[in-house]
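Note that chain A is present in both complexes that follow, paired respectively with chain B and with chain C.
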Partner chain A sequence: MRTSATPRSLGWLLLPALLVLALFLGSVVLLFLNAFWTKDGFSLVYFRQIVERTDYHEVLLRTVSISVVVALAAAVLAYPIAWLLWRLPRWRNLLLVIVLVPWLVSLVVRTYGWLVILGPKGFLNEALAWIGAIQSPLPLIFNDLGVVIGLTHVLMPFAVIATLSVLLQIDTRLEEASESLGASGFDTWRRVVLPLSLPGVFTGIGITFLTSMGAIVTPILLGGLRQKMAGTQIYQEVVYNFNMSKASAWALCLLLLSGLGLVVLRALEGALVPKADR
Partner chain B sequence: MRRGSISVAGVGKEFGTTTVLNAVDLAIEGGSFVTLLGPSGCGKTTLLRLIAGFLEPSRGAIAIDGAAMQGVPPRRRPIGMVFQNLALFPHLDVFENVAYGLKVRGAPAADIAGPVSRFLGLVGLAGFERRRIGQLSGGQKQRVALARSLVLEPAILLLDEPLSALDLQLRRQLQVELKSIQRQLATTFVFVTHDQEEATLLSDIIVVMDGGRVQQVGTPGEIYRRPTSPFVARFVGDINMLPGRIVSIDAASAEIDVGGRRFRLPLAAVIGKTRAGASCDVACRPESISVQHGSGAAADTGASFEARVGALHRLGPMLKVSFDTVHGPLTGLMMTNTPTAQLVENQLVRLSLATDSLTVFANP
Partner chain C sequence: MNGPMNAPLVKLGRAGSFALLLFLPAPILVIAATSFAATGYLRFPPGELSLRWYLEAATDPRWLSAFATSLAIASIVAVLATAIAFAGAYACHRLKPRWLPAFELVVMSPLFFPHAALGVALVNVLALTGHLGTVGGIVAAHVVVTLPFAWRPIAVAMARIDGEIVEAASLLGADERRLALGIALPLARSGLVTALLFTFIISFDEVTVTMFLTGPETTTLPVQIYAFIQENASPVLAAISTATVVVTLAVVMLLERLIGLEFFVAHDPA
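Moving on, here comes the complex of A and B:
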């Protein structure tokens, strides 16, 4: 058989990848330059703002805490779904499509869907009022709760897929072995399946946490007017104030916090997840 | 009676429209080492999983120590199981793997360390408690899997081809150890294998299976010397099959004709519907063929034939010889250091078959 091309002559195939890499690295460099090079020359003024202004502390704190809550909620809600998908191989494809359907709908449309359900005159409040459970509408939206609900909904499929991919690697005979050693189904789940699936859960937490840290549309549409997250803050600086330097400073802080979050997550994973040999 | 007896009565199993087991009857005595032997797809693993409780029979019943097992899940059966791929828990170390069953039972920590170290000692893994599973060799994993099941002191240990992934030398060594462990504990071992040598080496009783049915049950000696079907004769050990004819039958014996040579065999050695004139296959083990040098030397009586020496294969102390005869090729096996084994290719010799070791299968 004739080899049609040597690896060397195929080098040009790397061009698109290099282009993407160059654009990415270029923008990161620009981000750094912008953050430190303001219209008054080199300055740390925007970083100082972030460090000193308590309203900004609040924004960062809200960003981190909402992201943590969303990541945990998505992980907890996704686990039973992933487990079911794993347990029902016959239904797996259909169920997977159902899990992924939210991604087929545009972000804005999906978020407005929550308005219809959670709003003061939304389905849920009307239904609760109709059965007499509440007198006045519950504040389910235009606050942090609304943001958490919206983000968890959007991001949960990531957690489902991350968990499922690890569950699928578990040898089913481990369960049989456990059962032959006297363990009930729950014992087997607690002692074998759960520890072996935790790496997937942590991967899911990582993905949802990072994505939620940078969220913009959902907090704008479902959050309170005055309750900004870092993403919305950056969006405002770019779109309304045209202050690229301030936006860049915020972006770097967000990057730093996200990185810190990942470090903490890895440490937790190292402490909680037993190392499994494959 | 010793604990660990198994009774399988009229058990059948279907997967969809495929029948995997058909009317299997089997009585296994407590404390014995029983091997389910057969080619792949014969239903031996299915039978093992039925005894374990991972499957329920489509028909028939299984009882352990007299107690019906229908609807009893594996965890409530007095069984342990060693899986083909071992299925050790990869996130636990050696100690935790062996302690697993005891912990599930809710044994206090003080009552766990003792049995675990005793059984790790039994399988020769003392001092390996804190090793990770990934750090163990194939043979060591094998021993952990064994200890993990045995520490719960089940009445019955089910082993599903546990040695098949190991190299020959290690396999031989573990076979010997397995047998000695079984003798010490007097636990019933039900061992599934497709390797007839392994079955012969290990077992008190061999159950030969084929096509979802039990073909023969017996000690390794019985199975080897007195196979009850051509399948068993061919599957266990080497065998020569010579086409022949049943000439006549009387109360105690039958006269058999192979290519004009006639000899008498006791009726017990004739399997199947015996009637005069029926064609038959005469089964002869290679070591039952003896060689006289020089053709035509001995009288042309009994079960003896002229033959030409074909290929010679030396197997350590044994010599395996292919002979060409008018009845087709025959395989002979003899000790290398005997005078009759001094053979060269194309040499003409006379073969005689030890008639007391022959089995005749009458064709229907």
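Moving on, here comes the complex of A and C:
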């Protein structure tokens, strides 16, 4: 409802938010400027590097493929959790705490936890050695496997929340109708619940893909400095080489690849998700 | 409702889902267990218990100062982001500008930025203004990162306010100040509390963007944890990490008590 005389001066209240957005947009403009203006003026040298150097291709390929695997794994593993919370309304608040706290705890702490579990002298290897299942420690970290395990775990809560919020919107009468027409519980899930919940699954995949593309801490700690992802490369350029132009060029490539990934995901969603009439 | 054939299947599904759910806090529980182990690492079977790592952490000025810095930054960020979002969302609520959907998209846009790219972008601008490695720079960056998380709960709460109440108050002679602070503010308080606590915890635990912005003088707790893991994985880290988990858990429980957690899974009615 708009009151009859809404004073224009209310617009001033938007000023602080506009300043924050100006800071953000200004930083994006500088990102573009720095990526193309190096010490020697306008130059495409860092973009040419990315296009030409095969070791950089490897980094970008690893970044994209790990992010795809992580996003899919997180979606698949998160679905049953979201389903459980949806089916147990009475316990939902407590179970939600179990999802939200790991999500909000610093990802450096969660990654450290995986280091303690998966390391050569970690909990898992010690336990396996103690029961006599292995002779020498399994190489679970400082490789792509460690990064995938760590990132999947770190990002799963996002996928749970995205899926659950869509599940909660499903009209329970649809389920009842399906079951009263003779469909089994599993059939009802497969033919009614799953298609209706797919938009949430896709939202989750989008968020986890994006976050994984921009990850730094988990890839460095669980993958090491040799199994680089784009985030590792960017961080090294800024903190160790002080090369802002190169870091900015990499950041733009990362943005481009993330955007492309989301476009592909949208197309897939359009093809897979039945158009609902609401 | 389910046929008799399905009952075991459903039970199995539930048990499996529950196991997956417990997978989420698992690494955190392992760290907490490690922090109480006298040996400093998790043995199998477990050894003697002790609080020595907590004592060591509590007497190390580096950890105390990082902890204090993180608490201070998170508090300032929470108040700033919530106030900025309230002012902006209130103006939008009253003015109902035609460009509102586009504006809200811009407000939310940092969410679509991979954090590594956002970190570099913010380093660029803070280096220009000379705020790298300062509390002010980190606060500014955190406000950029957290504003979307403050905006949404407040905008949702604002949308639920009955417009006629505001109109009635206005007709009865309430001035603009009174309308904003006396009417809208208390009516939107669930959104405000959610925004305050949510942004506090995001700022307190943020590491990926912050690690670009810290300096020799100023560092936050998560960034210092990261630096120490790289140097030497001392068991003190487990105690410190557990402390951050306790802070996070406390804030989530407070939110659950005060407002509830439905916001996180509710679909945006606005």
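Note that the second predicted complex is superposed on the first by the 270 of 278 C-alpha atoms of A that agree within 3 Å, B and C clash if a C-alpha of one lies under 4 Å from a C-alpha of the other, contacts with A are read in each partner's own complex, and residues count from 1 in each chain.
Simple rule for what comes next: contacts are C-beta pairs under 8 Å (C-beta built on N, C-alpha and C of every residue); 3 or more make two chains touch, one makes a residue touch a chain.
Quick caveat, the model's predicted, so the values are computed rather than measured.
Once the two complexes are overlaid through chain A, chain B and chain C fit side by side, free of any clash as defined at the top of the document.
With both structures placed on the common chain, the touch criterion links A:S184 to chain B and to chain C.
Of the two partner chains placed by superposition, A:A271 touches none, neither chain B nor chain C.
By the touch criterion defined above, A:Q169 lies against chain C but remains apart from chain B after alignment on the C-alpha atoms of chain A. After the chain A superposition, the centres of chain B and chain C are separated by 80° when viewed from the C-alpha centre of chain A, nearest 10.
Counting the residues of chain A touched by each of chain B and chain C gives the higher count for C. In the superposed pair of complexes, A:L21 makes contact with chain C only, with no contact to chain B. In the superposed pair of complexes, A:L196 makes contact with chain B only, with no contact to chain C.
The superposed three-chain arrangement places the nearest Cα atoms of chain B and chain C 6 Å from each other.
According to the touch criterion, the shared surface of chain A, contacted by chain B in one complex and chain C in the other, consists of residues 176, 179, 184.
Of all residues in chain C, only 1-3, 5-6, 9-10, 13-14, 16-18, 20-28, 30-31, 34, 41-45, 83-85, 87-88, 90-92, 94-96, 106-107, 109-110, 112-125, 127-128, 140, 143-144, 147, 151, 163-164, 166-167, 170, 176, 180, 201-202, 204-208, 211-212, 221-223, 225-226, 229-230, 233, 237-238, 241, 244-245, 248-249, 251-253, 256, 260-261, 264-267 touch chain A in the complex they form.
Put simply, chain A touches chain B in their complex at residues 171, 173-174, 176-184, 187, 191-192, 195-196, 274-278.
Touching chain A in their complex are the following residues of chain B: 52, 54, 73-75, 79-81, 83, 85, 87-92, 100-101, 103-105, 132-135, 148-149, 152. Chain A makes touch with chain C in their complex at residues 1-3, 6-7, 9-14, 16-17, 20-21, 23-28, 30-31, 34, 77, 80-81, 83-84, 87, 93, 95-102, 104-110, 112-117, 121-123, 126-127, 130, 153, 156-157, 161, 164-166, 168-169, 176, 179, 184-186, 210-211, 213-217, 220-221, 230-231, 234-235, 238-239, 244, 247-248, 250-252, 254-255, 258.
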